[in-house]
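Structure first, then comments.
We just call them A, B and C in the order they show up, numbering each chain from 1.
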Amino acid sequence: MRFLLVEDSDDLAAAVVSRLALDGHGVDRAATLLEARDFLDSAPYDLILLDISLPDGDGRDFLARERQARRDTPVIMMTASASLSDRVSTLDRGADDYITKPFDFAELLARCRAVLRRHAGAADSRQHFKGFTFDALAATLTIGDETRELRARELRLLEILLSRPGQTYSKSHLIDRLFSFDEEVSDNAIEVYVGRLRRKLDGSGARLETLRGVGYRLIPE
Amino acid sequence: MRRFLAARSTGFSLRGRLVWQFVALSLVLVVALFFAVRLAAERASRASQDAVLGAAVIAVADAIRPVDDGLAFDLPYAAFSMLGAMGNERIFYSLSIGPRHVSGYEDLPPPPVPAEALSPVFYSADYGVNRLRLASVTRRVLLEDSLREVTVVLGQTRYGQALIARDTARIAAWVGMGFLLLAVPMALLAARAVIGPVDLLAEAVTRRGPQDLRPVRHPAPRELLPLVGALNGFIARLRGALQMAETFIFEAAHRIRTPLSLVRTEAEIALAETSDEATRIRLRRMLRAIGESSRSASQILDHATVLYRSEQFEPEPVDLAALAAGVLRALEPVAEMREIAFVASGLDQPVRVQGDGRMLEVALRNILDNALKYSHDEGRIFVALRRQDGRTELTVEDEGRGLSPDDGDLSGRFRRGSNVGEIVGSGLGLTIIEEAATAHGGSFSLKPRAEKGACAILSLPSSPSPSA
Amino acid sequence: MRDLVLAIVTLALGLIAPAGAFEIEEERIFGAPQGRELSIISTTDVPAIAPVMEAFVRHRPEARIRYMQAASTEVFRAIHDEQAEIDLVMSSAMDLQMRLANDGFAAPISPEIDGLPDWARWRDQLFGVALEPVLTLASRRGLGDLAPPRTRRDLIAMLREHPDRFDGRVATYDPQSSGVGYFLISQDSSQSDSFWRLAEVMGRLNTRLYCCSGEMINDLRSGRITIAYNVVASYAARYAPDDPDLIRLALEDYTFAIQRSALVPVNAPDPEYATEMLSFLLTPEAQAIMAESSGVALIPGTGPAASVHLRPVRLDAGLLVYGDQLRRGNLLAEWTAAMVQP
């Protein structure tokens, strides 16, 4: 997916860009509302991550202007204040969702998916690999004529593996990406999801390979 | 929620003090009047009685005649009668030639200064047990071929005079007492007139709504203007302080959250990029700590919100069903991550309660947060809203770990259940929910379900009393 | 009879009384022998007062009255000099009573005094209890065909015109020895100039001087004297109520009435009882008894009304002047000069 991140803190912006890149998302970053306007004019974006307080204005006012101009790129507001009135006014002015800093990236992506899913057809979220097509928004895996439903963690797992096909991911790495850090997860928990995904990938021309003692990777058959 | 905080009394009433001061002042005036009148009466009667005594002593002296063989002395009856008429006094006299006592009472006190022939000398002295007022004149009489000084001393008691003075003063005292009796209702009236505007002002301030922080514009007498001014100043400061406190809390949260975001993001990236297991464990710990502080910050804010709003509770109709649906929707993506399903019932049609929407939202979010936190992956959370016996009940049940029997009071601030394991949570959540429920005149209970998991029930009166 | 009683009492008193004590002429107990005792010293003769005392004990069966009769100077001495413990002091010597009150020997009391005239009390210490007109008595036999004088002028004229008939037969008090006598000549001398003329005439007629009314009346009745000038009426009424020979002359120029007055000494053993007695003396009942013997009521309405010639002597501080030694000396010197003529 292609994101526009509007965030004035350089450090935070750089970190967020790197983090999203890990999941294979393309991110442009605007430091001001003016820059954001330029980016939006020059390229289409699947989703805008919009901070509220920016050097040249309030993100919510910018959003209101966007909506008035009938530009309906989905927007998730990022807020640090977490005040209820902020949230309410955010949603009132046309934001699709909000997330409170500091955020869990897994939660952010889950919210992004939920927003994009509501904006049906707004973004092309399909990825092709060997013999299957993966639609992250629809949470489906299509092999030939057959469409297979993916559950949330299977989807996340496939997303991670697909972002760098062929790369080996260790168990603990995958656990970190798949589960919230708040949760207590055993190493074996990942094996359940790997097993399920492996079955769903049957006949897709791709294989989820287990490298004993090292990890997992997605490779063409 | 109106709260009347009784001010600490200094132990006296302004009205009482006013009345007592008025009465005490009157009393002092009455006593002063009594003594002034008594003194004046004493002086006046003494002056008139001295005049009579002076006339009498001269009449007595005039009755002294030298005759061939000595001194003729015809003590005038009229003079004594006159003296006696002045209040039935006791009368004493003496006649002496030079130092020799000749007639009358012996040992009458002599005048302090030698008396003259024409104007009597007046003086007071004790004679026996009596206090006397005396007058004395001295005549020179040719006696046995030599000029001799004949001294007449006439004295009288002044019981009558004291009696007159006392009587006059007593009349004054009665008049004063009458005035004093009159002074009490007058003082009460005056005190009421003085205190009246204060009461009116207090009533005007009391009548205000809890969120009415406008300056007091009630007309007040000039003397009360400083008080009204101070009150308005205080109201303005209070308003400022409330706004500042709110702003401060949210500003503080903002300041903490932005760098926390950076730390978290960087930690996640580092975690993704390193394969050294020891470093990864550290990074995980760090991320967990950040999660905990972030959640604590949120809950502190929620708590502040609940406290602030329950101080200024002003209920209005709230659709609890819509509110709950909104909260569920906001939490949906989080639940979905862990493949937890919300199973809702009773949210499809409006359920109105009297309450504060934002406070209720905070409460609901914390209840659901708690349920999510303790739910197993791929579990279900049942949310049900129903009316029962004039109460509106929202039930949230999860299938996760329940409560152990010794967790009698889970709402203790910053305390955590014994079986929460590694789950991040400050324990403030339950306090927030309970305080919000109490503010609405409702209740919150958390108990284990029959099989597994816990059942949280938020019970609100359908039409809660505003003073709860 | 009276002399006998007097002698016995005097003898008895002489035995028990300490040396220098005041002299009592007669003592009588009224009422119950063991009752609540009230001691009274008075100048009034026992027979004159007895009906009143008896009335009192009739009303109060528990009362026991010790009544002592004494000369006025003795009454004065008892209280003033000896501070005798007596409950009630009654005396006709107004000047002496006033002197007692003025010198602080009378206690302030508040008896019931309904109707008592203002001039009959001094402060709340001295109260008049009876009026005693001072009369001139004459023997009808002694006067013979002479008309009884109506005024002092008549009296003087009569005496002057018949010196032979009146020589040695005129009597009056001896002011040297009688307190009442001195008091009366003081009153007379300040009241009228004609008194000295009368004194002169009386001196020329070798007037006999008496210490007491009783003897004077006795001599009058026995025919030893014809005219008794200045006699206190109550005696006259008591001793000669129906003697047809006795003429009571209330001289029309003026007739004095002295007041018998009462006081309660400051050291009275039972002042409440004394006050009660005083209140009783002022009741119509007691007043009527006393008015009967004196012929005139002190409290209007309780007995015979006073005649227009009657001049009651006020209880007044002016009475004090009669005690003055110089004044007394001057007056007596003048009296003696009038009496003893060369």
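Keep in mind that, in the parts below, contacts are C-beta pairs under 8 Å (C-beta built on N, C-alpha and C of every residue); 3 or more make two chains touch, one makes a residue touch a chain.
Model, not experiment: these values are computed from the prediction.
Enquirer: Please list the single chain whose C-alpha centre lies closest to the global protein C-alpha centre.
Expert: Closest to the centre of all protein C-alpha atoms: chain B.
Enquirer: B-C versus A-B: which has more C-beta pairs touching?
Expert: Between A-B and B-C, the larger count of C-beta pairs in contact belongs to A-B.
Enquirer: Tell me, please, which chain's centre (mean of its C-alpha atoms) is farthest from the centre of chain B?
Expert: Relative to chain B, the chain with the farthest C-alpha centre is C.
Enquirer: If you average the Cα atoms of chain A and of chain C to get two centres, how far apart are those centres in Å?
Expert: 145
Enquirer: So what's the Cα centroid distance for chain A and chain B, whole Å?
Expert: About 64 Å, centre to centre.
Enquirer: So what's the Cα centroid distance for chain B and chain C, whole Å?
Expert: Chain centres of chain B and chain C, defined by C-alpha means, are spaced 82 Å apart.
Enquirer: So in the complex, which bits of chain B are touching chain A?
Expert: 250-251, 253-254, 257-258, 260-266, 268-269, 271-272, 275, 277, 280, 284, 287-288, 290-291, 294, 297-298, 301, 305, 330, 332-334, 336-339, 358, 361-362, 373, 377, 421-424
Enquirer: Which of the residues in chain C come into contact with chain B in the complex?
Expert: For chain C paired with chain B, touching residues are 101-104, 122-123, 190, 314, 316-321, 324-327, 330.
Enquirer: In their shared complex, at which residues does chain B touch chain C?
Expert: 71-81, 83-85, 88-93, 95, 102-104, 128-130
Enquirer: Help me check something: in the complex, which residues belonging to chain A touch chain B?
Expert: Going through chain A, the ones touching chain B are 9, 11-12, 15-16, 18-19, 22, 80-84, 97, 100-107, 110-111, 113-114, 151-153, 156, 170, 172-173, 176-177, 180-184.
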